[in-house]
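Reviewing the structure listed below.
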């Protein structure tokens, strides 16, 4: 059954990718990219990667698509005719693809439990992480403890993206904040958004703190919380949102999240362990792991929330600016 | 019961495929959005059903996220049309 | 406590300092703080190099999890040596950039500039010291994102398209590396570099692993601007702010060269890469073409920054040529050139930036008559330029010497002759600029009083690098010792004999 | 238990049927406003039926609550989205089939007059 | 037949990767390039997730009575990679916005003509 679903989803993905190549309407391209992202998230669910699916759905289909639409609003929707010859790219792609297909020929079979991937490092995560870390979600255990340094790097990447977007676009606060913006004419949307947004934030908190037991964690929670604010900004206009969470405050929050994460590492260094060694955080190693993971997930959540919202602000303030002119 | 669930999953997949076809080729841009929206809502149902089919229904969180993102995506699209003329 | 965590500090210091710099906000304050942190990282990396040379290798298990389950930081002579160059250049460039970016970057973006610089330093240090293949990818992206930002901060609009092209190429490169690491992981089940090495050895010429190797080499090739994949580099280096160009040209591509060395020598093993797959022929051919094509391109450019951008691509060719010789001497020449080239290109781009600071242009015509107006800057430029050519008593000579010796050891006369011939091209492109500076008159429409010597905070780091060029060109013992122990470290079965011979010859 | 399964199956099948009919309507109906009607009405009923069918499979725990939450969420947002889309299309100048016909007619009349 | 069943997943994923890669290198419009980059990366993520799957296994979250779990390590890696992907996308898109403002176009061949070479 899983194989059948897998096959159907892969076929849909292939068609979507082909359609994206040939479409000239960039708006449609972005919509199809959203679908592509959704579909790949379905594949991830089908292949048991629920945490990944969670992230891909909220990031790929959510944040990326919204940002792409924001860019399109500023750059125009139509792709002009391509004067490049498509022969050379096709050649490059064929060669690369052929190399990869050649590489697949010695691959271990799909899904075989005897594959080297499942034999060497991973068994310890599966068999011992429930005792060593004490959490049912192995992905969270590996992400936040065994490979916590990767995750710190990931948070720093997000932070770097915020620096990049701020340096490039900046966030302009308009003087005349009574400017027409938001979806003023859609009264129904206003009512519904008011009902939905608090629940979304509540859900984000649930994802943040339930990530140890089910799919979710700081990153997904940050994105969902940012999505709630984005919804607010889309419906009620940017100036209203800026009044709730100011750009300066978000910058401060983004830095704070990174520092919180690194701070856990420093504390464990002071207590005599290695960087990010949570065992030293409390007398009982398992409790130490719990404290460590909760705090760093919080740091991740705070940074991701602040950065995603800042990036959205930057794009949105550009769009409103050009709209006025 | 599993058979019914499996059949339902497949059927939802088919509906998704039809919606996808609408998103690929549509007479107006609004039809395209309609197709995308329908695809999104059916995906939510699909995830819910597949969770029960695989015996791990605790993944409904993902369905919630899908529903949420689908809605925000729709609002973003509408907002997008405030800036650009939607003429095809 | 300090000693225990020495290996982690070079990456942790800038990484933690970056968000603090953003909070500090004010231009002067964030400059001081960033410079201080970078200086600390430099001090740490000196100690690391000393420790690595005496103890061999420092391993640091992050989170207390033993590798391969956790992430390991691993410092040995190779990366400690490159790390020293990176942190030194970073500190000098930060001192230099206070005045330089005043002119080239908007005032409101200064603290973002310093934050991005620290992030870039953190990323590069992370790439250097990590012992985990996937962690390397993460830090590669940290440094790349910061780099795109830095490049796009210039005031000329062309920096935007250059940064975009860099972003697309860089991301393709990173994704190729991701694919390659994935294929390796698929066959071995591990991500730790040493563990990977021991498990790759078990396979004798496996198609999946060979494909993984190919993807990793192409991916890194993009990142370090290996010849046919270098198209992003000249525009990026030309249009970035001068301080950024000075920093990137002497660190970013060099770190990529290090990654290449690490993957080929430590992870795959030279038997696999060179003997079974014949990669040395390909790399050598590409390196030779790169040296000639790009040296030639450098001679026909009118923008001086572009000249040196192409020259950088050519110099990467020298490094790859060194390691494609597959000998301890060749590898040593490559590693040595990584360090030496950082010294010369850093000084050159700083001098060019100083010219831009005063004249407002880096076209070759703008250099007319500057020998008289900016004597100190142009003297620094001249010495660094001579070093690029490879004149004795400069570091450029030392690395070329070892390169030629490495080639002659294998009786490879052709390569040795080509290296010398390429130096003539360098004479041409450096000579054109020196001619303009010393033998042409200042244009009449320029007021001689406005074009004066660069401010001291720009001159000081420039001259530190120039003096280093001369010092390490005369007293080669320090760098050659580090480079040769690095090369021997990488060559498990290398014969140490030939290196000591070479050292005697050079004296 | 057995009865619950049967009821649940019936609900699921009915839900899928409505979803399918909506998808067909997406292609078969003549103009955009009828298509949006087909899609949005069936979307809601399919969601209600399928999720009710799944609700009967749960053992009244956290999953039940989540399912109910999804149902409520879809019930609120899906019609809103359709409504806003239709409204947006109306503002964007899209006409119903009947209006398009009269408009065309008007245009034709004018052309004839011009002749 | 077995051979195909063992590998079909990887082959389709390779096809998807190459479709994305093709969009990146052939597109003239910068927004489309970024979309292509995303398609490319998403497909690489699928390669990783495919190798983590164990037939008959289930998601790596501990439940009673299950012994066979899929491999959590690729999931962790891809979580990180997705975040990296969105970071690059955000910076790339903001570059596009600036390019549009500076050049008035986002078609690669058009702004190439507006400046001298290099």
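All chains are identified by letter, namely A, B, C, D and E, in their written order; residue positions are counted from 1 within each chain.
The rule is simple: a residue touches a chain if its C-beta (ideal position, glycine included) is under 8 Å from a C-beta of that chain, and two chains touch if they have at least 3 such contacts.
Because the structure is predicted, anything quoted here is derived from the model rather than measured.
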Study note, to complete from the structure: Common contacts of subunit A and subunit E, by label, are B, C
Exercise for review: Could you tell me which two chains share the largest number of C-beta contact pairs?
Suggested key: A-E
Exercise for review: Among all other chains, pick the one whose mean CA position is farthest from the mean CA position of subunit B.
Suggested key: C
Point to revise | Centre-to-centre distance between subunit D and subunit C (centres being mean Cα positions), rounded to whole Å | key: 59
Study note, to complete from the structure: Between subunit B and subunit E, the Cα-mean centres are separated in Å by 21
**Study point:** Cα-centroid distance, subunit B relative to subunit D, in whole angstrom
**Key:** 12
Check your understanding: Taking each residue of subunit B in turn, which ones touch at least two of the other chains?
Key -> 33, 54, 58-59, 61, 64, 68, 71, 75, 78
Check your understanding: For subunit E, what residues touch not just one other chain but two or more?
Key -> 17, 21, 30, 51, 58-59, 61, 63, 73-74, 77, 80, 84, 87-88, 91, 95-96, 98
**Study point:** Interface hub residues of subunit A, defined as touching at least two other chains
**Key:** 50, 70, 72, 74, 76, 100, 104, 107-108, 115, 117-118, 121-122, 125, 147, 150, 153-154, 157, 160-161, 164, 168, 183, 186, 189, 196, 214-215
Review point. Pairs of chains that touch, anyone?
Key: A-B, A-C, A-D, A-E, B-D, B-E, C-E
Point to revise | Of all residues in subunit D, those that touch subunit B in their complex | key: 5, 8-9, 12-13, 15-16, 19-20, 22-24, 26-27, 32, 35-36, 39, 43, 46-47, 50-51, 53-54, 57-58, 62-63, 66-67, 69-70, 73-74, 77-78, 80-82, 84-85, 88-89, 92-94
Point to revise | For the subunit C and subunit E complex, residues of the former touching the latter | key: 134, 137-138, 141, 145, 148-149, 152, 157-158, 160-161, 163-164, 167-168, 171-172, 174-175, 178-179, 182, 185-186, 191, 234-235, 238, 301, 303, 306
Exercise for review: Can you check the complex and tell me which residues of subunit A touch subunit E?
Suggested key: 3, 6-7, 10-11, 13-14, 17-18, 20-21, 26, 29-30, 33, 36-37, 40, 43-44, 47-52, 55-56, 59-60, 63-64, 67-68, 70-72, 74-76, 79-80, 82-84, 86, 89-90, 92-94, 96-97, 100-101, 104, 107-113, 115, 117-118, 121-122, 125-126, 130, 136-139, 141-143, 147, 150-151, 153-154, 157-158, 160-161, 164-165, 168-169, 213-215, 219, 304, 311, 314-315, 318
Revision key, fill the gap. Subunit B residues touching subunit D in their complex are 1, 4-5, 7-8, 11-12, 14-15, 18-19, 21-22, 27-28, 30-31, 33-35, 37-38, 41-42, 44-45, 48-49, 52, 57-58, 60-61, 63-64, 67-68, 70-71, 74-75, 78, 81, 85-87
Check your understanding: Hey, which residues of subunit A end up touching subunit B in the complex?
Key -> 1-2, 4-5, 8-9, 12, 15-16, 19, 25, 27-28, 31-32, 34-35, 38, 41-42, 45-46, 50, 53-54, 57-58, 61-62, 65-66, 69-70, 72-74, 76-77, 183, 186, 189, 193, 196, 200, 203, 207, 210, 214-216, 220, 224, 227, 230-231, 234-235, 319, 322-323
